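Two complexes, one shared chain (chain A), two partners (chain B, chain C).
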Partner chain A sequence: MAIKLNSKVTYLFKKREFGIFLFILVLLAVFGTLEPRFFRSDNLSAILSSVGILMVVGAGQTLVIVTRNIDLSVGSTLGMAAMVMGMVARENPDFPIFGLIVIAMIVGGLCGLLNGLLVSYGKIPAIIATLGTLAIIRGAVFLVSDNVQIDPNDVPQGIINLATTSPIGIPWLLIFAFLSIILVWYVSSKTLLGKRIYAVGSNPEGAISRGLSFNKITIMVFVFVGVLAGLGGVLYTARYATINPADVGRGLEFDVISAVVIGGTNIFGGSGTALGTALGCILIGILSNGLTVVGVSPFWKACATGFLILAAVAIDNSVRKRQEQNFLLAIRNQRTVN
Partner chain B sequence: MGGFTINVLECKSVSKWYGDAAVLKSVDFDLAQNEIHAIVGENGAGKSTLVKIISGLVPVDVGTIKFEGSDRTFSNIREIQNSGVALIHQEPRLFPDLSVLENVCVDYQVRDGKSKRFNWKKAEGETKELLAQLGCSFSVHSPVKALSVADQQMVDMVSALRKKLKLLIVDEPTASLTPSEVARLFETIRKLNASGVAIIFIGHRLEEVLQLSDRITVLKDGEVVAVKKTSETTEDELIRLMVGRNISASSTDSKTSSGQTSLKVSNLESPGYVADVSFEVNRGEILGIGGLVGAGRSELLETIFGLRKRSAGEVISTKHGSIKKVKRAISSGIALVPEDRAHNGLFLNRSINENLVITNLKLTSRGGKRNFGKEREIGQELIEKFRVKLSSATQLVRELSGGNQQKVSLAKWLKQEIEILLIDEPSRGVDVGSKSEIHQFLNNSAKDGMSIIMVSSDMRELIELSHRIIVMRNGRIAGELSGSEISEEAVLRLASGLATAGKGH
Partner chain C sequence: MSPLLKNNPRFKVPGYLVGPILILIIAMTYGSLGSEYFLDPSSIIFNTGRYIEIGLLALALTFVIINGDIDLSVASTLAASAGVLAKLFESGVPIFWCCVASIFTGLVLGLINGLIVIKLGLPSLVVTLATLALYRGLTQVILGDGVVANYPENFVGFDQRLVIGGNPGLPAPLALFIVAAIIFYYILHRSNYGIKNIMSGSNPSSSNFSGISVDRVRLLAFALSGTVAGICAVMITSRLGSTISNVGLGLELLAITAVVLGGTDIFGGRGAISGTVVALFAIMAVREALVIQDINGQVQDAAIGLLLILTVLVPQIRSYYVEKRNRRKRFNEAQART
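What follows is the complex of A and B.
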């Protein structure tokens, strides 16, 4: 009986991700019919690039939200990492590409560390702490850059190539996205650390009374999302070749959090999957590109994304409720059988 | 059990204050290795604080704790747990989103030979073995939120057992368990004890304490009033020691009701929980609702009160007509005192007074403006009526003991005309003294004409207080008992589906 119960649950969870997948197919069909240019290879690669950047940051954000936190500062963090990296490259044109990537990830990690410390030891709710750092880090981008943008000819070709070339026919940008998702999948489903991250989000008090180091885990997930946002900064630079202090990563938090939530991560912590997030990113990427390509005004576009998030959460709630009811019924039957 | 030779644990003059209030006053407590040592006392006597100190959840203010013969210097929970001490709470501390296996392993230290990777296969094998030893049949892969409370407690137990355990503290584990589940738990505890784990057991049901323990320490107001060998004491003596006064264990007043119907429930249905339930309750009657945990009893009360969506059926108050919504229920003189008072019955972070007036705002405010003088007055009246133990009426409810919280949860309704009281597990987690006061209150209110519908898993309470008992099973009424038909055995038979007798339905 118990085994049956378990397979039922897996089935439902699978069904949810399957639902997003179907919705993606519907979107593709609709956009493709309305505007054949949607399927042109340059448009598809534009979609893939923006989806890739979303996935890298979204992978990190998933774990943050699983711990009942949220990081609103990912856009600013991405911007900061890109800007510092761009300035290093501008001053040292021969700086190795690998070194630049590491610098961006370190800068991102430091921003994440700041968030993590504020939330854990500072005991400031994540939504407030990261709202603060969203503004602080953005301000810092202006300060360090002196409000001067990094021009395309100051960006090393090696960075730009990350968006287009690769050893195996898939651009580096997508390989990074894929690896980020795989990493989160592996950590969350195969490792003890992953289980601890979910435990903290599932029952924080319980986690403390079982001797899990709550603060350590909180800091860890914030640093992790920071490092990935740093990597996102590299990919952003690769894609756009320009780093404007006002524009770089601005508003990214909205798309990333939307993607994670649409992907089924519970905003109250404790559950969420890397696969769901990956699908959520694809959905958001297609939607935002498709609406533009078919000529929907930017205002309506914003509304549409907003509606989608609300719908996703509403569906999620009702599915969860039904699941709970099914559980109860199954238990009851189990008791009757015994 | 023979001579207690080695003391695993020795607490010497342990004291603890919360603010100005001394919760523990120079408590001495020792525990032998092969012993099951029970701690009893009224709620607020300091039992839970004492075991929280022993398990490291709360630091000690004054006093020493010797564990395995040496002074314990560390105060970190993790270190204490690694030294072989585990505490199981009355409500299991688990992670609902994780599976059984993941719950058990989540705090496990990776010290698995050379490999730094956690060996899930091995862990699964060990967990399965432990679950089998405890007689559990659920899969290690089920999410914990899909398990019953009893099974969750077993998961909590297994989590503790995975480590090298030397001292297991069980803090009132039986509150929400059925008799057969309690039996299984006790068997487990005995088995552990026989294998060399010292046990501290906190329980409210004295018969269980007497049945399980070797020695009993009685706490009262933060002090040890007696340490007794179980074989040399009785339930009456323990109650006397705990309370400091004699309370009648049973209050068998003449059980009469007026015969006037006050509430009629017909064909009530709430999908998944309550199916086709019909009954009537009279003025001045205490209608007990028995059944196993999960039989839909609490859900029935919630459906009557309008908290839970109903898919069919009617609730009709003789005086006020049909009742569908909570607001209407309250204005018709129906009150609900829920089982989970911490979440549903009280605002833990607000003061006692605010909790008491929240249901009486009509009396204490005018034009949307609070009258604080009036609030204090009403609060004071209710506090005195129920003898709530407190340091001041502005104290947060969070800081009260279980018994006193229950009194507040009940008292808040009593400033208005309550005709029908729905009360769910009136004495769950409540000490003996408060329990007797609550029982007295229920009896008196019924005599004054109140109708009371009471859900209780405490068989003695159910049988002694109820004029009539409806037993539920799987969301349906399995049978009804009244007068001389009422007995523990009859209730159990109906609850477990062994009999379908009883009147009607």
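What follows is the complex of A and C.
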């Protein structure tokens, strides 16, 4: 029975991601026929590099949402990491690039640790705790930077090169994005830790009574999303080369959560995949770029994103209901057979 | 029940008001250090003008949040209503009918939120996140990047008018807020609907079994928050004298902060209008005190975020120690018995 159910669930996940994939193909076909310039390589690389930052942060956010939490502070965390990294680079121009990346990830991890402690030991609902830290970390960016932005000539060339070059042809930015998606995929589907994360999300009381450390897992996922937001800060700096305390990462949380929800992660926890999130990010990237290229007013972009979220959630919900009905039917049949 | 309420409910401050009142007192003291005119009654009263829209939105959101829902789209609803108002005014409709249309738009958008949440059974967090983008997008489509101004003389400057003259007088927005707070107080704490609202928030399924139409109660709360957003759109247009598409951007966070700071449980079932009102004035005092000390706007937001976290965190810590003490007491009693 258990094996049967498991195969059914994975089949469903495949189907759900397949749906997003089909939608992406439809969008590509529509934009491509309306405006052949859409498929030019420079446009495609523009889409991919804007999607990359979203993917890195979205990969972490997926795990947070799977545990029934939400992190609204990712934009501010990204800003904090980028700002600290930029300031270190400005003071010490000869600092190694690898060291800068590690600094950004540590700063992001510390912000995530703060969120994790508030949610786990502080017992504050994640939406309130991270609504608070969204503002607090943004304020801290101002205090740390003294409201002075980092100029492009203060950013080391090595960081800027991350967005354009790498030894194997694909820019580092995309390599980082794919690596983080693969990491989340590996953790969630191949490791015991991943099973625990999903267990805490689908049934917290049950998970605690089976001896899982709820607090430890909560802190872990928040630190993880923080570290990835820190990495996102590096990529943001690579792509835009300017770090403005007011602009860096502002409003990112909305795009990231949209991508995760469109990717089929249940906002009430317990289900969601890295692949879905990656497709959700690509979908948002293609949509916002395509509308501009085709010549639709950019004002429609927010409308389109809103519709997309509603449609994704509504479809997900009806699929989930049917799945539950099938499950109940299967149990009933089992009983009558016995 | 809070120990503060235990002895004499009539003369004690309810537990949920302690935090906001403390914040109010500290902020007032801090502000008066910055300028001797900070505590001047007329300056205090006239500073309220800018916060009344947040206050009205927070009052309506109290109902939604007590139900266990959330409405992230209030600020976007406000913007869309203001957009309708501006566009109708531009096409020559008398200003009175523009206002009526604006309030009606708010009602319709709120009903759309409620219907999607209830009829499709989707989580309100995701639905209103989607409509947050959708309604803002609609506003941008309606208004483009233009500005609508030149409203008639007798329409603009609502916040400059006095209901009661003299020094300090009573400006119209504050008077409106006081009236609204009294009405909402009676609806929530004295009327049939309010009791149904609190009950359906604290336990939806048992309320359903005892004959409360939980769906209708929730739908009404969404409609209320939309309508109030429409009214706020009229107020903000009158106060600013012009309309652009990012009007009221980010107000939802301040309104939700006011509600949660005022002791309303984000998971529903508990809350009070008095808490929301005091929390609004606490937020206002903190903002104004920091303004007078010449502190950056982002840092002001950070201070409010910090307060939000502390007001939730401190009672948690306190109840942890109370619990620990009680446990030790019980243990000692058990020891004494044996």
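Everything that follows uses one rule, which is that the second predicted complex is superposed on the first by the 319 of 338 C-alpha atoms of A that agree within 3 Å, B and C clash if a C-alpha of one lies under 4 Å from a C-alpha of the other, contacts with A are read in each partner's own complex, and residues count from 1 in each chain.
Note that contacts are C-beta pairs under 8 Å (C-beta built on N, C-alpha and C of every residue); 3 or more make two chains touch, one makes a residue touch a chain.
All of these numbers come straight from a predicted model, not from anything done at the bench.
**Q** Examine A:L212 and indicate which partner it touches, taking first as chain B and second as chain C; both and neither are also allowed.
**A** Only chain B is touched by A:L212; chain C is not.
**Q** Taking the superposition as given, does A:I127 touch the first partner, chain B, the second, chain C, both, or neither?
**A** So A:I127 only meets chain C here.
**Q** Who wins on chain A residues touched, chain B or chain C?
**A** C
**Q** Over in the complex, which chain B residues touch chain A? Could you list them?
**A** 57, 77-78, 81-82, 87, 89, 93-98, 102-103, 105-108, 110, 118, 120, 137-139, 141-143, 145-148, 159, 271-273, 292, 294, 474-475, 497
**Q** For chain A, which residues are in contact with chain B within the complex?
**A** Per the stated touch rule, the residues are 2-3, 5-6, 9, 190-192, 195-196, 198-199, 201-203, 205-213, 266, 270-271, 324-325, 327-332, 335-336.
**Q** Looking at the complex, which residues from chain A come into contact with chain C?
**A** 70, 118, 122-125, 127-129, 131-143, 147, 245-246, 254, 257-258, 261, 267-268, 297, 299-310, 313-314, 317
**Q** Which positions of chain C touch chain A when the two form their complex?
**A** That would be residues 70, 116, 120-123, 125-127, 129-138, 140-141, 144, 245, 253, 256-257, 260, 266-267, 296, 298-306, 308-309, 312-313, 316 of chain C.
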